[in-house]
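Here chain A shows up in two complexes: once beside chain B, once beside chain C.
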Partner chain A sequence: MSKLLIDKDFKRRIEEISDQKLSDCYQCGRCTAGCPFANFMDAPPNQVIRFMQLGLKDDVLDSQGPWFCAACLVCQTRCPRGVDIPRLMEAVRVIHLRAKEGLIDVSEIDKELLLDAPPLALMSAFSKYTY
Partner chain B sequence: MRIPYYPGCTLYTKAKPLNTSMHACFSAIGVELAELPHWYCCGTTFTLARDNRMSLIAPLRILAKAQQENGKVLVPCSICYNTLKRANYMLNEDTETLDIINEHLEESYDGNEIVLHPLEFLRENEELIKSKVKKNLKDLKVGCYYGCLLLRPQQEIQFDDAESPTIFENFVSLIGATPIDFPLKVECCGSYLVVTSPDAAIEASYKLLRNAQGNGVDAVVTSCPLCFYNLDALQEKMKKAHPGFKQIPIFYFSQILAIALGVEEKNLGLEQNKVSPYEILKEYDLL
Partner chain C sequence: MKRIGVFICHCGINIAKTVDVEALTEEIKKYPGVEHAENYKYMCSDPGQNLVIDAIKEQKLDAVVVAACSPTLHENTFRNASERGGLNRYVCEMANIREHCSWVHDDKTVATKKASLIIKTIVEKVKYDEPLEPIQVNVTKRALVIGGGIAGIQAALDIANAGVETILVEKGPSIGGRMAQLSETFPTLDCSQCILTPKMVEVSQHKKIKLIAYSEVEDVEGSVGNFKVKIKRKAAYVDQAKCTGCGICYEKCPIKVDSEFEEGLGKRKAIYTPFPQAVPNKPIIDTEHCTFFLKPGKCKVCQIVCPVQAVDFEQQDEILEEEVGAIVVATGYDIYEPEKLKEYGYGTIPDVITSMQFERLLSASGPTVGDVRRVSDGKEPKRIVFIQCAGSRDKENHLEYCSKICCMYTAKHALLYKHRVHDGEAIIFYIDVRTAGKGYEEFYNRVTDEGATYIRGKVSKVYQDNGKIIVLGADTLSGKQVEVEADMVVLALGMVPTRNSEALVRTLKIQCDANAFLTEAHPKLRPVESNTTGIYLAGAAQGPKDIPEVVAQASGAASKAIAILTQDEITFEPTIAGVDEDLCSGCGICVGVCPYNARELDREEMVIKVVEALCQGCGSCSSACPSGAAQQRNLIDRQIERMVVSALEEN
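Presenting the complex of A and B:
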């Protein structure tokens, strides 16, 4: 078995941006159980948090989970430890976005949707997927 | 009575029916909605990154503007409501950030404006509404869909219980319709994922509409223009993915309130609904 590469700076960065303490999570899995989009995620919320706790930078950053988080806050409401999980997911997204990765590309949005969707759908997506 | 009103961008475009029916309802109960002068976008989604202060500027400026008018501002759009209310809460908790932003702006804001949703206003004025109801909606079985932003985070929004809210059902009962409970009334419709991952939004919205139908609703009522879009406009796509799916009409809360108050049909904006609401309204003799 190979040794895990623990990146402590990365852990600190996640905690700073999100203002959450990763050690508060005891992995009960309630966030994932209630997440409406967990079945779209390669790594569901509790697994992304486990990667964070272990300082596994690459696993966190490669995970698609945070991109399916709609910030609906069901997990935040139900977490028995008071962890604001959507803030952790946002931290992953902003680390990517500030490095100019994962930015929304208007030319890739469905044309019919662009004309049809309410402005707040587009504005929300633009504000979530830019920096 | 006169109350400052912040419509937000979508009420002038794709959610016009919410705006026209809001004005019609409030004029019917004798309340003037005084639109804030020169308002701008609230910034939509509230930022969850603690090191991002820029996104608090737009909400703060709107709150400062509202404060010049009155201590309360009425906000019907769930996203605007959530963003303004969370920003307000945060600026109250974090006075250092409030001071820093104030220093850079012409306006100044003290954190004391009250952001009010129309359903909260209606809760506070039950007798007034009751006295103005002209049409009985009693057989119409309504599923009240709260979505996320009116409820969460509970500590900051304080609208109702985040897991088992009742304010919407009480409103529906007040105007004489029959509220039908369904477990997924507080679950996410997919929100802005409709832009980047449409399948996730189609599935989430389908799941909750099926859940509402399984509990016997005739129609689903909401307050959020984005939920409205996902629940209403995506039904064609739900049908493609799930051939057995039967379409169901969606209303803004202000549209059914307007019907109960006897507002003229031309002010309801029903023609903009993608799923026709006319059959069900005719069936119950409401048009």
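Presenting the complex of A and C:
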């Protein structure tokens, strides 16, 4: 059973990064209803927001929803409460990235891979996963 | 034999398209008793009405049948025309050949035949119609309002302001009711007492209002226009005329008792007024706790200190008799018993409290002067769990209905708590949040904006662990079970009609529903009237509602009462059910079936007497009467029989 210990710092961090107010969401589910990727997510967009509202940090960070989000903005366009959901999803991704888990050490990358991989993918990975 | 005239309307093409009106007229002319028949394009037009008037005069008609639309539309029109022609209005009848015939058929032959049958049955009816005179009743121009909460206060003020003398009876020692107990009112956060007490004072000072507090209506006899009411004024043991309301008696009284007004969170004395702004501001003695009454002859401190010798231990209950023309019932509500919700721990966990107790904690005049404090240790609670629908919307175990106000007052509780305790956490468990009202959704948004956490799910259990209150619930939106540690739990309890008001309801002979809320005459169109003419309903006694709705309904009930009380006499339709005393055996079956309490058994003569002002002419008694003694005027058994025979004759 999960104890409800609202992680206020985590809530505040999400709100700061995304510039959204979590209490604005009244859980109507319209974001999930129109999301082209909701079927692939373990927790659909409205539920990720629900985890955020309750300050359930682990549930938010463990969910794959934010990684499936393509930022197509359908949800943001349709939200009756003016919540910019893609920004909330981006905030989750940013928190992961800033945690600096799974950093890339350039010297250890396989030479074959360096030659085969598209330069754009490498540049993107370096910008996100290196100091 | 009566000379009967039949007037057939084309209603433009509404009737004439499907019914051959010319052939019909010729057919009807041949029917026995019909002296005159004609048709016209629009019978309800002035020329059409003149045809009726002229024919009555020229053909010396005794009765009229107008074959046209439904009597709900034009019965009055043609009865008025018949009167202008010199007939009694009740020997004019309508035969409905539009809604009952032309509109619902396509085949002209069949429709014409049916129209002919409809007209013939009505001709049979009108043959036996008697001229009748409207029933007139003199009106006692005084009103009785039962219940001194905001509903009763508003109704009494409105009636009195219309110039009608009003008696306001309140069961408790002061008027004000539940509203006087509330802290602030949603959605504007007006201080409840601040907006209520001026009205209370207005009641006490109004020249047209006679306030009878600490009294109960014992008996009501009579009917609209002329009720005779017995009111029991309970012994207060304080002479109301002498008492100046100085308050020395309750200052000096040594006995402390849990205050009902403070919902047990504060104390009062054995001689007391419920709250400082009480109206009337005269104390009463609670004989269950007063030493003098428990140990006869002892104490008497109040009597000794009273500067005007108002304390009178010899006082007795008193019966007052009043005559009134109309009654407004505003007996209010109680909250659902929290003890019945065993899983929430009320009564065993001291910091699990009721919504009404929380109101007192928030009230600036309450036991903590508005500070939110725990009952157990007086500490400021840092996290409060509010449980909505405590007892409501639970068909299996508690109340089936939604109590309507709890969503909004809980939102208000959360907001006021956040205003008092800035770092406090308000967590609200709910099933749905219902904010139907002007400015209510906006208010709810404000509450969530200010940081209240709403969790969608019911609480399964509240228990204590190591001195902490643990609330077990679910968040159905995230699909998780949740466990919350709380410093205080507030149960948003539902509304029930005031307890022990059944006797009054029986005395008034009005109806209530399965939940004991008073039943209105029509749920949409007559929401402030009871089924008994002259008795009106106001406030939460009729169903859960918030203050603005109560005030609106009270004003509505008042205006209904005023409509009767400003007339010298009131008139009713005479087409009601009478009693043939020669046939009546006094079995009383009709008394039970009458929905309007219009029939009473006279035990001396063993016959039924009809209260003419109450009978609505529904016919229940006539169909139930085994001896045929109960007969509806102008719809007697013989008429119905002749109508049936005539309808079947040609088939």
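Definition applied: the second predicted complex is superposed on the first by the 98 of 131 C-alpha atoms of A that agree within 3 Å, B and C clash if a C-alpha of one lies under 4 Å from a C-alpha of the other, contacts with A are read in each partner's own complex, and residues count from 1 in each chain.
Here is the rule we use: a residue touches a chain if its C-beta (ideal position, glycine included) is under 8 Å from a C-beta of that chain, and two chains touch if they have at least 3 such contacts.
Everything numeric in this text was worked out from a predicted model, so none of it was measured.
When the two structures are aligned on the shared chain, A:Leu56 is found in touch with chain C, with no touch to chain B. By the touch criterion stated above, A:Ile6 is placed in contact with chain C alone, chain B being left untouched. Looking at the shared chain after the overlay, A:Gln27 reaches chain C, while chain B stays out of its contact range. In the superposition on chain A, A:Thr130 makes contact with neither chain B nor chain C. Put simply, more of the residues of chain A are touched by B, taking chain B and chain C as the two choices. The residues of chain A lying in touch with chain B in their complex are 16-19, 36-37, 40, 67-68, 70-74, 76-77, 84, 86-87, 89-91, 94, 104, 109-110, 113, 116-125, 127-129. Chain contact summary for the complex, chain A toward chain C: residues 1-4, 6, 21, 23, 26-27, 46-47, 50-51, 53-54, 56, 59.
Contacts from chain C toward chain A in the complex involve residues 425, 427, 448-449, 451, 453, 455-456, 472, 475, 477-485.
Taken together, the chain B residues at the contact with chain A in this complex read 8-10, 13-15, 41, 43-45, 47-52, 55, 77, 79, 148, 152-154, 162-163, 186-188, 190-200, 204, 207, 225-226, 228-229, 233.
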